[in-house]
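Every chain is named by a letter (A, B, C and D) in the order it is written, and numbering of its residues begins at 1.
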Amino acid sequence: MKCGVVVFPGSNCDHDVYHVLKHTLGQEVLFLWHGDTSVQGCELVVLPGGFSYGDYLRAGAMAVHSPIMAAVRELADNGGRVLGICNGFQILLEAGMLSGAMRRNQSLRFECRDLFLKVERHDLPFTSGYRSGQVLRMPIAHAEGCYIDTGGALDELERNRRVVFRYVDPEGGEASGENATKWNVNGSARAIAGVCNDAGNVLGMMPHPERCADQLFGNDDGLAVLASAVGMAADPKGAVA
Amino acid sequence: MTVRARVTVYPRREILDAQGKAIAGALGRLGFDRVLDVRAGKSFEIVLSDNGGSVEEELGQISEQLLANTLIEDYSVELLESESA
Amino acid sequence: MSADQGNAASGSATYNEPVVDFELAKGMGLAEDEYGRICDILGRVPTYTELGITSALWSEHCSYKSSKVYLREFPTEGERVLQGPGENAGVVDIGNGWVAVFKMESHNHPSFIEPYQGAATGVGGILRDIFTMGARPVACLDALRFGDIDAPRMRYLIDGVVRGIGDYGNCVGIPTVGGETSFHSGYNENILVNAFALGLARHDGIFHARASGAGNPMLYAGSATGRDGIHGATMASESFDAESESKRPTVQVGDPFTEKIVLEACLEVMRTDAAVAVQDMGAAGLTSSAFEMADRGGVGFRLDLDQVPLRQPNISPYEIMLSESQERMLLVAHRGRQEEVVKIFERWGLEVAEIGEITGDGRAQIFAGGEEVANMPISPLATNAPMYRRPVAEPSDLAARQAPPEVPEPDDLGATLASLLDTPELGCKSWIWHQYDHTVRTNTVIGPGGDAAVLALKGTPGGLGLTSDVNPVYCSLDPATGGAQAVAEAVRNLACVGAEPVGLTDCLNFGNPENPEVSWQFREAVRGISAGCRALDVPVISGNVSFYNETEGRSIPPTPTIAMVGVIADVMNLPVAHFTTVGDRVLVLGRDASEFGGSAYLRLLHGVEQGAPPRVDLEAESRLAGLLRSLVSEGLVHTAHDLAEGGLGVALAEACFGGGLGVELEINDQPHQLFSETQARAIVAVAPDFVEQVMAKAEKLGVPVVEVGSVGGSSMKLRCDGAAMDSKVEDLHRIWSTALPRALGM
Amino acid sequence: MTVRARVTVYPRREILDAQGKAIAGALGRLGFDRVLDVRAGKSFEIVLSDNGGSVEEELGQISEQLLANTLIEDYSVELLESESA
């Protein structure tokens, strides 16, 4: 599948995603410059992690206005696949392509560590390589990952099954109560770690699947996100159990 | 002619303001017992050239489009002063 | 000395500059003979700008005038060394056509004044040193020394430094994969922030900051120049515009977003061959970058300061030359090709300006407002830079401090171990490194928390090991032993991940070199490091000296931080520093000699900092490292962890924590020996089938070895001569992992 | 009785304001050509119980000790309103 990775000024996980798509999954991949106005025929576009424009105002706020974003929106409207990871998720929220908003982590600190996710939807183009309810270990690395929305909007999000990943404890138990500060370190509402749009072709997630896509790092739980996204979920390298 | 204005952005009331809460806690520990509540927001001082168009309107647009995420934040605009160049 | 043959620069009439005389020079930190020397070189009295330039170039920081005589002792050559000390960073060959470029630098004083910005700009500066060489930075380490947590401002300093390092590195997207953190009252008024960065480049991609080609344009790129960090405060004369003086911020503020795009743009420029030389503007800003670049290439330059992008109007020539505004680069382009360079910077949204050109006459000519404000010969300024062999004196209380300490037996082994683990010094540092992105760039095979960090080299099976070490308590009791120990410990940490050392960089943090006892400490430490390097075959490829870490006559403990890099042939299936497998047999390599001088046991539990530090037997270290490397490369061990502060007891506890597995051990020692810090030791855990093989290897290589027990259960059970402990790993782990945040109150 | 006040904290004039610079750049790209300069700072809304002591003085101390880093930031204090509880 032809894949594009958008490079905003300040993106810094662009090469990491590129590496997995190209070298691990053998796809055709190109970098899309933020100033471009076309996605050049890509069927999957990834908005990578990093600090676009330094995230000096709010994470993702400035990148939204880059010329490439109109083309990304058009791709999504036409059913193409858009994946936002970390800063990319924040950009999708700021762009209104996904619902909700990000606040600073409740610890008010940058948090880099492994957390656990439960797969709430395995019927999406991005999650077809997982079992429903599967628990994944995945690293986070962000300062603004506290997902919030108004109560009503959150209920709607749940009703429409747009929660894709949720933070859980290592055994898959709820990250609430005493467990919350430990396993939902950013304090996200309802422990939400990733959401999709109604059509299911746009996914945003705070954890980094591209950082756990190789057994060299003792963990390839994230590979199936990217493998599914390019239609290779059945690949034996995927995290399908 | 230039105009100087200030845009202030605060998390909306119903949103938990973790930073404000942390500051209130720290002030309590420092012995500032009179402090009942703190909210933490952002302030932007903007200088515009006054070409006759409505400054308030323009600042409203700037706030909506960039400075505030109106889903979770409220903003307010104040004109501070005009200066002839 | 030859009188100057060039034009006499006139100084600026536009700016109300003070009259230049020795008093003014003294205020800028120049000694009387140094002032005389610059007058001789110029054949006249320098202009105000020239005086500022000279005082910066001849400052301790830029000239190494008090340390040079000793630094020559370091072995700096080796088969793999492509660039030793002298450039922005050192370069070593790591095989497969790749080179590693690395260096460490201090940002101590700025971090004490403003911890967040001080530490952040420290990271920014060291990253620029790396990409200036044409290498893409891929990893950082940070070595931090704080005072007592309860000392005034200390929590604020710790919080600010950690945030500053994190925010800068995280935003640029370079993982901080390791470091060290220690606490000692000797740093209450002078904390140390040492930042290390490593970059990778292809063999033929290395770039030098050597200007050449008369007529080639000089380009300025990056942030605009403000009045940041001009060493002006002390030298201000009343007559000099007092207003502008007070406006000079002493604190430099970092902009990691700009750094990131400057980095990308510079690497892109260097991939074209339109640039001749690239140099970052670090300490002493435009002055040192322009002079160093020209001096290395044996050329001159002409600068027009009116072209320099400024953050605010009316910055004087003197201020422009000495500003330390961050995220700025100076480039020399091939005449006719500067447009290509300009285009790249503009595409990244960066400011770029042509500010001068290279000349063939070896002089620095600087113009502002149409006036010539400086005209000086470059090479004589460098070659005639002052150099001192300062008086040395062994500290008068040394013998007393080295007197053998009394070593009390622990009452209760379990409780004693728990109280050691409950100190910020020995507690887990994850509160710090959770704030650092250590996995970005997806090369981090082993991040913070092990003995050495391990980076994979994509596209090859191999990788790099990185570590940073020094024990300042040992150094203060005996700087030569402490210096050698730092090198040995770094080699040992690397060996635990199978890495063969290829080079080191140092950051030598000391007090006031004009104090003979400090000079003695410096000389001794350098002697110890050199001995360590020679015996263990590790060249010094770059480094940094930070003197004057002193407040009201109190100097810091001598702290020669060593950061070392090693190569690993294959990073698959490396051992880790913790127990992974139930049933593994635990072996101790090396033999204890019951050494407690400067030990954590005496210092942290008994308040005693006395005695000769543990002896450093470099031969034994070399044998141990060789054994560890071969055990790792042959895949014979699941766990390898060296013994350091807190001795065998602490090392065993740490090995239990990572995987939550217990051990059951029998040790033929006195109870207190569990905390002895004899060097050249490590523990390994081995599958039962391999024990014999490992023992045989150890014997063959002359490394003492004993089998002490096995991995399993959920407790740390230990019996020694007349004492025993049985503590739940979970309980010890809770104490250890929360010790630092609890002490900080976070 | 309570008092509501606002403390505004800005980077000092001569200090680099990376955030303000970035926002000004973004506004330019968005076509807000009239914007000449942006400074980005922080705003804190503080509610204090009015026990008769000087509110301004207390807010000054709060700013110096916690809200502003006076080495690189300036702050200003405004009283917004008093309310009886």
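Here, a contact is a pair of C-beta atoms (placed from the backbone, for glycine too) under 8 Å apart; a residue touches a chain by one contact, two chains touch by 3 or more.
Note that this is a predicted model, so its numbers are computed, not measured.
The interface with the greater number of C-beta contacts, when C-D is set against A-B, is C-D.
Spacing of chain A relative to chain C, judged by their CA centroids, is 36 angstrom. Annotation: 30 Å between the Cα-based centres of chain A and chain B. Taking each chain's centre as the mean of its C-alpha atoms, chain B lies 41 Å from chain C. Within chain D, the positions touching two or more other chains are listed as 18, 22-23, 25-26, 30, 40.
Shared interface positions of chain A, i.e. residues touching 2 or more other chains, are given as 53-54, 56-57, 61-62, 65. Shown for chain C are the residues in touch with two or more other chains, namely 255, 257-258, 349.
If touching chains are joined by edges, the resulting network of the protein chains shown has some other shape, matching none of path, cycle, star or complete graph.
Put simply, chain B touches chain A in their complex at residues 11, 14-16, 18-19, 22, 65-67, 69, 71-72. Residue ranges on chain A touching chain C, taken from their complex, read 9-10, 12-13, 15-16, 19-20, 23, 49-51, 53-56, 109-113, 139, 141, 143, 208, 210-211, 213-214, 216-217. Interface of chain A with chain D (complex): residues 53-54, 56-57, 61-62, 65. Interface of chain D with chain A (complex): residues 18-19, 22-23, 25-26, 29-30, 40. Chain D contributes residues 2, 8-10, 20, 23, 26-27, 30, 32, 34-49, 51, 53, 58, 61-62, 65-67 to its touches with chain B in the complex.
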